[in-house]
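Dropping the structures in below, format is structure tokens.
One chain, subunit A, links the two complexes that follow: it is found with subunit B in the first and with subunit C in the second.
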Partner chain A sequence: MAAIEFESVEKVYRGGVRVLSGIDLSIERGELVTIVGPSGCGKSTLLSLIAGFEQPTAGHVKIDGTVVDDQPPQARGLAMVFQSYALYPHLDVYENIAFPLRIGRTAKDEIDRRVRETAERLGLAPLLRRRPAELSGGQRQRVALARALVRKPSICLFDEPLSNLDAALRHEMRAEIKRLHEDLGATFVYVTHDQAEAMTLSDRIIVLNAGSIEQQGPPMDVYERPVTKFVAAFLGSPSIRFVRPGALGISAGSGVIVGLRPEDVAVESEASNGAVEAVVTVVEPVGSETWVTCAVGDETLVGRAPPRFAQKRGDRVSLRFDPARAHHFDEKTGRRL
Partner chain B sequence: MARPRWQPSDRLHARAMVTPAIVVLAVVALYPILAAVWLSLQRAILIFRERRFIGADNYNALIHDDRFWAAAGHTLYFTVVAVALELTLGLAFAYILHRAIRARGLLTAMVLVPWAIPTVVAAKTWQWLYDADVGLVARALPLQDVDLLGMPGWAMHAAIVVDVWKSTPFVALLLYAGLSTIPEDLYRAAAIDGARGFTTFTKITLPNLRSTLVVTALLRSLDAFRVFDAVYVLTEGGPANTTETLSIYAYKTLMRSGDFGYGSTLAVATFIALALLAAVMLTAFGRQALR
Partner chain C sequence: MVVFCLGPFLSLAFASLRPGGAPFGAPGEYSFDQYTAVFETRPFARVLLRSFVVASLTTVAAVALAASAAFVLAKMELRGRRALLALSLGVSMFPPIAIASPLFLVIRALGWRDTVQGLVVPYTTFALPLALWILTSFFREIPDDLYRAARIDGCSPFGAFRRVVLPVAAPGIATSAILVFIFAWNELLFALTFTSAPEARTVPAAIALFAAEHREPWGEIAAASTVATLPLVAITLLFQRRIVRGLTAGAIKG
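For the complex of A and B:
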């Protein structure tokens, strides 16, 4: 049985703003699903519907096979990690983690055992008597995780939990969350606008655009076969570039646009047979490689070059790619061909 | 970064900048206090054209003055009951304002009306409402034709009602501001953790409102302890001095009897009592809350 199901769910806010329409979705038990999309795509609303902060305008939300449309959050038995951490500022770390257990009237020694065990697992043991105000961002995030996991929930929701952390910490916590998911076997639903987070974490990725599901599937499948231009552009960094096939000497019908990911385009300093001629416009060395933005006639492409790439802006280069790696889209509808 | 070293000219500059404020405070606050203390050590009665230094005699008399202790008791009773009611009602109003989705501005304006009316006007209005012959309150009560303001025991409570009516809006507004600073995510997290209405109120709302509550209680207590106009307009301290507060007793002694010496002693005693009240409240509830 699915842990969470959406059946033709719609959400329209007061004043007629439609944030979600026609959402059909099934999340299996033990899955780690990420919901990604740009801001305003409805991903946080989707999470609020699962949590019970909001009710669907039409359709149904089911948890473990039961329709929960009218159930308040308290009755749903979920755990959640917030972007703002939402730690209780008047309670110390110990009491923050113990809070859901105290509300649930767990026995005292059981609370103590579980709080200490969870704190140990997340490296919070030395901080138990501190207040949230005395913790760093990363530590607060760990407390928020501990508070969510201390109840051993079968479903845990994450609302952009890492977006307030710096890059290094974000990387570390990402690995931590993945490890916790593997240890606990709970269902994790993870909302983010960071495509790298979505790619690295999840079993399945759900791309949301303007209130509808654009595509879903295992991250690599979605990455390699994006069904729309939107999905292609959203996943991958640096992002895919779209050009007219003519500029690259690819034969395709009219009204077709071709997308090439930067890692599929090799930038070479010498001209060679079968390569496309281009002019360098921007050079971005990132250490392990160099991303080179080039002008091909009126079009722009980004390609990959070795770390110590000598060419500068205005220099002539040649671009080499495997035409089979090119993604073809209908220019009007944006759909994959 | 190295902190710039203070130059002698900087010190001078700093002193020059704070001097005006200190001078103003000295003239309007420090001088009157010291003058009152000086007066309280004298026998100074206007009609007898008498004025001489008598040391602590006035304070000695104060300790044995039953009327003073009675007034202190009335004042304390008035303060405790009125502030307790104001905090309870004010919190309820603040909660309603906070939860209101529509017409919040209109609701706030309505709640604030009593606070906007001058105390003397409000007290006069209530005096008419309490009037035994024509007052709405008196006529609405089952005991008709009862002079509420003329009955010991009733009059004090009638005065408390006026103060509560007038000051609850102020408390509601401060607490409403306090409620607005509690992030919505805390309530969401508490709901996810299984906390329902009353538990959320006691475990999330109240602890996070603590510092606002302490400050509000302190402000209102200091105000209520000095109460004069609301009670004086209503009863002038009667019947049988049962509503006489410290301020009213001091006023009567000073202005009506013209006893400047003993009147000042009463005023200084009120001042000391207020300082003690503030200190007790701050040490009891404030230390953490105001940190």
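For the complex of A and C:
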């Protein structure tokens, strides 16, 4: 049975702003689903509807097969990790983690056992008597995780939990969340605007755009076969570039636009047969490789070059790619052809 | 700056210690005679107690009412909450003198003259807007996520208010409590209008009526005023310590 279901859910705010329309969605038990999209696409609203902070204007939300439209948040038995951590500043780490158990009237020694066990799991044992204000960002995030997981929830919601952390810590916590998911077997619904997070974490990606689901599926499937230009552009870094097929010598009908991911375009300094001539405009070495932005006629493409790439702005290069790796889209509708 | 603020109070304290109540003049001749006079010849102890009861009850009533209202105004979706806040401010804009007379008729009709509730109820009405504004702004500063986290963790709206919003807003509660207490302690007009028995008076009303027909007992007025100021100072200091202790309680709890 599905853990969470949306049945043609609409959400219109007072004043008529439509944030979600026609959302049909089913999240299986034990799945780790990420909901991605640019800001304002409705992903946080989607999470609020699951949590019960907001009610759908039309349609239904179901948890474990029961319609929960009228259930307040506290009756839904979910856990949630917030972007701002939302730790209780007047309580120490121990009491923060114990909070949901105390509200749930768990027995005292059971609370103690579970708080210590959870703190141990997240490396918080030495910090139990600290106040949130005395913790670093990463530690606070761990406390927020511990508070969410101490109740052993069957569903845990994440609202951009890592976006306030620096890059190294974000990487570490991402791995941690993935490990916790595998250990606990709970359903995780994870909202993020960071496509890398979505790619690395999830069993399934749901791409949201302007209030409706653009595409969903396993990360690599979505990455390799984006159904729209929007999805293609959203996933992958550096992002895909769209060019007119004529500029690359690809034959395609009129009204077609071709997308090529940077990693599928090899930048070579010597001209060779079958390659496309281009002029370097930007060189970005990232250590393991170099991303080279090139002008092909009026079009722009980004390609990959070896780490120590000698060419500079204005130099001539040639681009090589496998035409089979090109994504074809309808120029007007943006849909995959 | 300090001199400017404390000057009047210091001259008052000096006056209270000198016969006749002249703040400046020849040195010497300081005594506590006027303090004894205030307490022995007048029912000043009763008046102090009365003032304390009235001010405390007003504070509790106003802060409790304002806190629940402010929570709803700050954290719940409510149509017309701006209008409500503006309206509450409007209430506090009435010059008290303009409504003292009609209010007197109401108090008399209720038979509340010379009673504690005869002062507490009107004081609460007037203190409410102030407390409401202070607390609404304090509650607004508490992030919505904190309230939402409490809800997710199993609290009802009221539970989240009691267990999370209220403790986090403790400094705001203390601030509004002090201000309401000071307002109720110092209020003169209603106290004069709604009381007639000497025992039912609050401190400002009692002091105002010290003056006899041909004699202004400045020394005794000064002594009584000094005594009346001390509770305010004490309460402010007490609350300050409470605030600090409240914020550090968890850090040292074993």
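Please note the rule applied: the second predicted complex is superposed on the first by the 337 of 337 C-alpha atoms of A that agree within 3 Å, B and C clash if a C-alpha of one lies under 4 Å from a C-alpha of the other, contacts with A are read in each partner's own complex, and residues count from 1 in each chain.
Criterion: a contact is a pair of C-beta atoms (placed from the backbone, for glycine too) under 8 Å apart; a residue touches a chain by one contact, two chains touch by 3 or more.
Predicted model only: the values in this text are computed from it and were never measured.
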item	value
Fit-or-clash call for subunit B and subunit C when the two complexes are aligned on subunit A	clash
Partner chain(s) touched by A:E95 [first = subunit B, second = subunit C, both, neither]	second
First (subunit B), second (subunit C), both or neither touched by A:R147	both
First, second, both or neither for A:M80, with subunit B first and subunit C second	both
Partner chain(s) touched by A:G217 [first = subunit B, second = subunit C, both, neither]	neither
Touched partner set for A:P306, first subunit B, second subunit C, both or neither	neither
Touching partner for A:G246 - first (subunit B), second (subunit C), both, neither	neither
First, second, both or neither for A:R129, with subunit B first and subunit C second	second
Comparison of subunit B and subunit C by subunit A residues contacted	C
Contact residues of subunit A, present in both the subunit B and the subunit C interface	51-53, 72-74, 78-80, 82, 84, 86, 88-91, 99-100, 103-104, 147
Subunit C residues touching subunit A - in the complex, by the definition given at the top	143, 145-146, 148-157, 159, 163-164, 167-168, 170, 246-247, 249-251, 253
Subunit A - residues contacting subunit B, complex	51-53, 72-74, 78-80, 82, 84, 86-91, 99-100, 103-104, 147
Residues of subunit A defined as touching subunit C within the complex	51-53, 72-74, 78-80, 82-84, 86, 88-92, 95, 99-100, 103-104, 129-131, 147, 157
Residue numbers on subunit B that touch subunit A, as the complex places them	183, 185-186, 188-196, 199, 203-204, 207-208, 210
